[in-house]
Structure formats: structure tokens, C-alpha cells
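Both complexes shown next keep chain A, but they swap its partner, so chain B is in the first and chain C is in the second.
For the complex of A and B:
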């Protein structure tokens, strides 16, 4: 029974990893941008959730739509200010330049957060924080159930958007061949702008969940790390496999905690990451990129 | 009418087109022939907005289009089948066609256009749900043409559509092109290495060499001219290479 309990915690963490990684995978799959400031943007969103709760008492789950709007606007501004200039480059230069730019952004966001909110750790504590549902002796935290629910909603909504709407199809077309997309009458510049903003706003649910765990200016990079590991595990650009990859990583971590203890949690993920890079660099999951 | 007037086009510092002028009248079929690297594709890319001329002008129905973005040029009624087809490989045949009808006006008429497309290329209906990359070369070329037609263009630009296809499929495809031109009055501007085929089909033709137009006239007359015979017919294969 014990190992099942660990597995449940692993799946909950995995669902959150999946939500964190989606935006990274989107930006990389569509534009070739590797935005390593993603984790810091998520932390900014989490601070948003924290202050919405502290000042107006908005529940973190209900603050998600507001966070989406805020992150969307931040995404638009960032894209127009620093990322739109990279489009004229070949894909490999886009990768390198976006890595440098987002590394710089990372430092800016981190120090800004320290100045504004100090380096203290904070968290939102709601009336249901720490409460669990007890099913056949298994403890299911309400926040954890909400996390898994959110992850499913986000993945399904994104999938429907990309496959059923005209604009979603235009995004996929642009990811596959941006030059040919122009010949379809697609405004590629605008498609990139919206895609980038989408890759940021899609992290809003993750930000809300993280605000109920722990936030501090320094933890953005940890979340980016998880995101990068998942992008590799899932196979680059393969957004349909991000959530399965997240759940997989969460389970591996949980099992390693069960077997060798909590101090090595982070290690397990990195070991898997290195093994995948060595033996299956195209990703663990079958099927072609969804983009 | 599409009017290209004295354009110079560069790739970086390298000049690819030198003072090229030509015209495609409404409903006409015009061929641009020349050897590999003569500047044929460069010209089509410039018309469709993927490249910009450094000098000269391009206008369509009297309106300058040479500084417009590629997606605006599709809106104006000029649609291109690019060299190498450039399909969206991981998307289905139907999705490729839907993207061809991305612009609002075309989207409204999508169902009607689609029925017409399936009439002229019945194989695409059968392949509707398959990913574009799983089609044969000939089917892919048909899809590329169909996708370009979905935008309801007034002019269709065709860049080397016979390349790598078997003679049978080339005949099949050009039957459709002729039909589209004659019945639907869509002007065709085609670029070909297959000189004989292009000249036989077209009304007017231009010959391009080293980035300059070196001959023009009625296509049939050019086909008979000693100059063309000497320069191209000796080496031009009868109709493309095999698939």
C-alpha cells in the first residue's frame, strides 16, 4: 500500500511538471526558441496568485484566468521587445540567441523579485490546504487532485485548440514550414507573436498550483530544469507526450524516494535525463511531433 | 493583369535577376523557361512576396504589390505552388487543403471549393485523412496544386511542378492545369525546365538565361524557332524524369 501512496504523490508532481513544461515545448516546437526564463515567468505568475489571495482573498484556482491574462500580456511585451528580432535567423541561431536572451531575462526577473518581495519563501494557505480525501486508506490531497484535473484540462484544451481551430492549424502549419505558411495567406509574424504569448500564458495553472506549494525568487530555475528534462523525455516539439513524460518522471522520483529516500529526489530525474539523452535522444515516446 | 517591370533581385550581395520585365494577362497561360539556375524560381518567389526586388516594380490589377508581405499577395489573388511542393507533412490532406483556404473569403467558400477540388483530383478525396507525407510523389504534387487553388486565386504560379514525376502523372496534372485555365479562367504562370512541354501548353512564353529575359513571344512560335531548338531541345528530356 505504501508504494501506491508514493506513486500517487509522484503522479501529482508529474502533472505539475507537465504543465510547467508545455510552454517550453510549444515555444521550441513552433519557433525554435528555448526560453529558459519560463520557470521565472511561472514564479512571477505564482507571486501574482499569492498577492491576489493575500489582498483580495482570491482562491488560487480561481485566479488562473486572471493569471492567464497577465502572463499573456507579459508574453506579448517580451516577444515584441526581445524575441521578435530573432525571426530572421536560421533555426540554430534562434536557439542559441533565445537561450542567451532568456538567460539574461532570468537574472532580471530573479533580482526584480528579490527587490520587490524579498528572498523569503512564501505560500498560499487555503482552507483546503493539507486536507486529503481518504479512499481505501490512500491519501489523496485535494490540491493534488486539482492539479491532476488542471493538467488534463490544459492538455485537452491545447490539443483541441491546435487541431480544431483555424488559428491552431495555422500555428501547426507555421511550425512545420513557415515559408509555405505565408503562401497560404497566414500572417506568420502575428502567428509567432500569439504562439509565444500562448507558451507563457499556458503556465498560469502551474503558477497557481506552485503558489500553494512554495515560492521564492530563486526557485524559477528548478522549474525550468524540470521543463527542459520533460522536453527531452517527450521528444522535442512533441507536445502530446509532455504530460505522459511528466507523469513518468513524477513516478520515477516517487519510486526513488520510496527506495532510497527523499534527499535523492532531484538526482533520479537527472539520471533519467542523462540516460535518455545517451540512449534515446529522440525521446521516450512514439509518434511524431504534434506540431 | 500581372505586370513585372524592370526588376533587379538580389540574394544578399549576389544579383540573381537583371531588369526582368514580363506580363501575365487575365486568363492567360504563360511559361517561363530556362535552364537550371537561370533565375526562374527567384522570379516566382519575388512575385509571391518571399523575396523583394531592389529595383523595379510588380503590380497586379494596377496596384503595386512588390513591397507587400507574402500573405497579402495571396489575398490579392496570386497563389503559388512552390518548388518541392512544401506541403505540411504531418498534417492530413484535408488539413492541408483547409490551410489553402485560410483567408476569410476563401474560408467562406471552402466547402464549394473543396467539392470542385475533389472533382478534379478524385484521389485526394480517397486520401483525405492521410498525412501528407504518406502520399506518393504525384499525389503530393496534386495536393500542392489543390492547396494553392483552395485560396480561389486569379493567378496560379507553378514552380517546376513536373520535377521528378513520371510522364503519365505529368500528363494527368497538366490536363487539370489546362482545364483550370480554360474553364475557370485562372491565369497560369508556370516555370519549367521541361521546355517542350511548357511551350506546347502555353499561350505566351519567356526565355530566361543568367537572370535576364533573352527571348519572348507566342509559345508555339518559340517552339519552332531555331534558337530555342539549338539551346534547349537537344538536351531537354521529353517529359521529366521518372518518379
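For the complex of A and C:
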């Protein structure tokens, strides 16, 4: 029974990891950008959620639409100010340059957050924080149930957007072959802009959930790290496998906590990750890439 | 050869100048700052060997820096003569690079970068759990603490790595490493053993990072054991290298000077502004000056420089 309880916590964490990784995977699959500042952007969003709660008492789950708008605007600005310049680079150096630039952004965001909000750890405490539903002796935290629900909603919504709408189809076409897409009359520049902003705003639900755990300027890199691990586990650009990969990683971690103990939580996942990287670099999850 | 001679004279002149500083100027502040500068020159040049000359974006430097620091500190404190201890630190970093490098070098491009990052995090978590406390040096060591000795050691190390990079990359070995960076397939096609040269670059870089870690352990009287394993020791040298100019000798030196100067300029206000500014400089350099700051004069004169990396 105990291990089942651990597994439930693992799945909840895994759902959150999945939401964190979606944006990274999108930007990588569509534009070949590796945006390691994603975690820091999520933390910025989490601060947004925190202040919305503190000042106006907005519930973190309800703040998600507002966060999406804020992150969308940040994404547009970032793209126009920084990332759009990278398009003139060759595809191969685009990756390295985007990596370095997002290193720079990491430094900027992290230190901006320290200057604005100090390095203290904060968290939103709602009236349902820490409350659990008891089902057959298993404790299911309400926030955790909300996290899993959100993850499913986000993944389904993204899937519908990419497969059913004009913009989504344009994004997929551009990801496959931007030159051909341009010849077919797709506005590639605008598609890149939208997909980059999408890769940022899709982090809003993750930001809201993280604001109910713990936020501090320095933890962005930890979330980026989870995101990167998932991008590789799922197979680069394979968006449909991000959530399964996240749940898998969450379970691995939970089992390792059960067996080895909490101090090594982050390690088991990373060790699995390194093994996958070495022996199965195309990712654990076979199947056609979504992009 | 004329320019080579000029470079050599400039190099020797700088070394002499820095060597004279402790004799001419009294006061610890400048020596502390310059120590930091030399330390950054060493780790930035090591990362330059990897990414600038070898084309390998190693984000795991922190693991090697930390290993060098840990081994040096533990052996030194337990009574081994320091020079032996720091060499042990350097070689254990090389051993780690062999252990990690052999499998990880099979990865290419971003896989290598992310893989080495993961290893650095694994090392950081493991050390944080195994050695949760603060490392102090024994009292009798504090009594004999000499800043000037540490200063000269750092100066020596940074001069040594510059000299070695110069010698290596003007030799057959260096050309082979460069060829794996520029076009792996072509190099392989004409019979260059890519794997061997990548391992060589990795080992050379790790050796100096390990020594730099040893210097860190020698310099600080007390620090948390996990501090030299912190991810910033991976990120900062890479950023410094690219801001200055990857694949050049002057680049990482220039980058380190800018980095340490910014750090010191804002040290007494809010320590973090310097890193924020450095981040912005980095972004601007990557976008508009891909050759780094060293290519600025060339760019201003309107000449198109040789593409770097």
C-alpha cells in the first residue's frame, strides 16, 4: 500500500514535469531552439500567480488564463527582441546560439527576480493546500488531482490546436519544411512568432502549480533540467510522448525515494536519463513524432 | 614569425608585470581580485579548449572543477604536501573525464551538452549528500596562510594554460582537434581518429579545470563542500569564452577581465547586477558579434573576420 502512495505522488510530480517540458519540446521541435531559460520563465509566471494571490486573492488555478496572457506577451517580446535574430543563422549554429542566449536570459531573469523580490522562498497557501481526499486509505492531495487534470487538459488542447486549427497546421508544416511551407503561402515569420509565444504561454499551468509548491529566483534551472530530461526521454520533438515520459520519470523518482530515500530524489531520474542518452538517444517512446 | 615574436614578448611582459605587482603594491584587495581573474582565465581557457577548439559544448565543467577541489582539499588537509595534492586533484579530474568522457563523447551536439549538464547535476547532488558540511582548514594552516603564494600559483597556472594552448594548437595534435571541430565527417574521411582527439581535448581541459579546483580549495579557508560543484562553475566559463571570443587565446582572457571587473564594480552595491549585465552583454555578443569581443576591432574596420566556431 505504501508503495502505491509513493506512486501516486510520483504521478502527480510527473504530470507537472510534463507540463514544464511541453514548451521546451515545442520550441525545439519547431524552430530548433533550445530555450534553457524556460524554467526561469515559468518561475516568472509563478511569481505572477503568487502576487495575483497575495494582492487580489486570485486562486492560482483561476489565475492561469491571466498568466497565459502575461507569458504570451513576454514570449512575443522575447522573440522579437532576441530570438528572431537567430533565424539568419544556419540551423546547426541556431541550436548552439539559442542555448547560449538562453543562458544569458537565465542570468538576466534570475538576477532581476532577486532584485525585485529578494532570494526568499515563497509559496501560495490556499485553503485547500495540504488537504487530501482519502480513497481506500490512499491520500490524494487536491492540488495533485488538479495538477493531473490540468496536464491532461493542456496536452489535449495542444493536440487539438496543432491538428485542427489553421495556425496549428501551419506550425506543423513549418516544422517539417519551412521552405516548402513558404512556397505554399504560409507566413513563416508569423508562424515562428506564434509558435515561440505558444511555447512560453503553455507553461502557464505549470507556473500556477509551482507557485503552490515553492518559488525562489534560483530554482528555475531545476525545472529546466526536468524539462530537458523529458525532451530527451520522449525523443526530440516528439510532443505526444512528453506527458507519458513525465509520468514515467515521476514514477522512477517515487520508486527511488521509496527504496533509497528522499535526498537522492533528483538523482534516479538523471541516472535513468544518462542511460537513455547513452543507449537509446532517440528516446524511450517510439512512434511518429508529432512535429 | 614576426607576429609570433611580438605575441611572445607581450606575453612575457604581462607575466613580468603581474609578477611585480605583489612587490610594488601593498594591500590584499588587488591580489584577491587578480587571483580571481587568474582562476577565471584558467577555467575559461579550459572550456575554450573544449568548445572553442574542440567544438564540444561541455556543460559539466563543474563536476571536474569540484572533483579537483574535493580531492585536493581532502588530501591536503590530511597532511599531503600541497603540490602533490593539487596534482592529485588535476589527475582525478582527468580520471573522471576518462570515466565520463569515453561514453559521453559518443553523443553529438546538443546531446553531449545536455548529457554533461546532467552529470554535473548528479555530481552536485551526490556531493551535497555525502559531504553536507563546511570544510575548514586546520588552524596551523591558517597561521601559515600566504596570499602572495596563492597569487603566484594562480598566475603560474594561467600562464601555463595559455602557453600550452598556444603550443598545442600550433602543432599537429591541435590541428587534428580543430579538424574534428570544423568538419567531423571530412576529418574522419582523411583518416583522423576523431574519438582519440576528442578524448585528448577532454583530458587536457579537465586536467586544468581540476588544477583550478585545487587552487580554489587552496585559496578559501572555509566553504561548503558542494560549492565548487555548483552549476555556475559550468556556465560562467562558457559564457566568458563566448563573450571574449571562442577559439582564440585572447578571447577568454578578455572575457574574464570583463567578468571579474563587472563583478568587482558592483560587489559593494548589489552583487547580482554584474551578472545581469554580463547576461545582456552575452546576448548582444552572440547576436551581433559571433566572433566575440576580440573580433570587435576587425568588425569596426569593416573587414569580414574569419568565422569562428
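In the analysis below, the second predicted complex is superposed on the first by the 291 of 291 C-alpha atoms of A that agree within 3 Å, B and C clash if a C-alpha of one lies under 4 Å from a C-alpha of the other, contacts with A are read in each partner's own complex, and residues count from 1 in each chain.
The rule is short, and it goes like this: contacts are C-beta pairs under 8 Å (C-beta built on N, C-alpha and C of every residue); 3 or more make two chains touch, one makes a residue touch a chain.
Quantities reported herein were computed from a predicted structural model and do not represent experimental measurements.
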With the two complexes superposed on chain A, say which partner A:186 touches: chain B (first), chain C (second), both, or neither. first
Kindly classify A:130 by the partners it touches after superposition: chain B alone (first), chain C alone (second), both, or neither? neither
Answer with first, second, both or neither: which of chain B and chain C does A:264 touch in the superposed model? second
Which partner chains sit in contact with A:106 here, chain B, chain C, both or neither? Use first/second/both/neither. second
May I ask you to decide whether A:176 touches chain B, chain C, both, or neither, giving the answer as first, second, both or neither? first
Between chain B and chain C, whom does A:149 touch in the aligned arrangement: first, second, both, or neither? neither
Between chain B and chain C, the one with more contact residues on chain A is chain C
Would you mind listing the overlap between the chain B footprint and the chain C footprint on chain A? none
Using the touch definition up top, name the residues of chain C that touch chain A in the complex. 57, 103-104, 106-107, 109-111, 113-115, 117-119, 121-122, 125-126, 128-129, 231, 235, 238-239, 242, 270, 272-273, 275-276, 278-280, 282-283, 286-288, 290, 309
Chain B-facing residues of chain A, complex: 166, 169-170, 172-173, 176-177, 179-189, 288-289, 291
The chain A residues in contact with chain C across the complex are 34, 82, 85-86, 92-93, 95-97, 99-101, 103-108, 110-112, 114-115, 221, 225, 228-229, 232, 263-264, 266-267, 270-271, 273-274, 277-278, 281
Please give the residue numbers of chain B that touch chain A in the complex, ascending. 48-50, 69-71, 74-75, 79-80, 82, 86-91, 95, 98-100, 102-103, 106-107, 147-148, 151
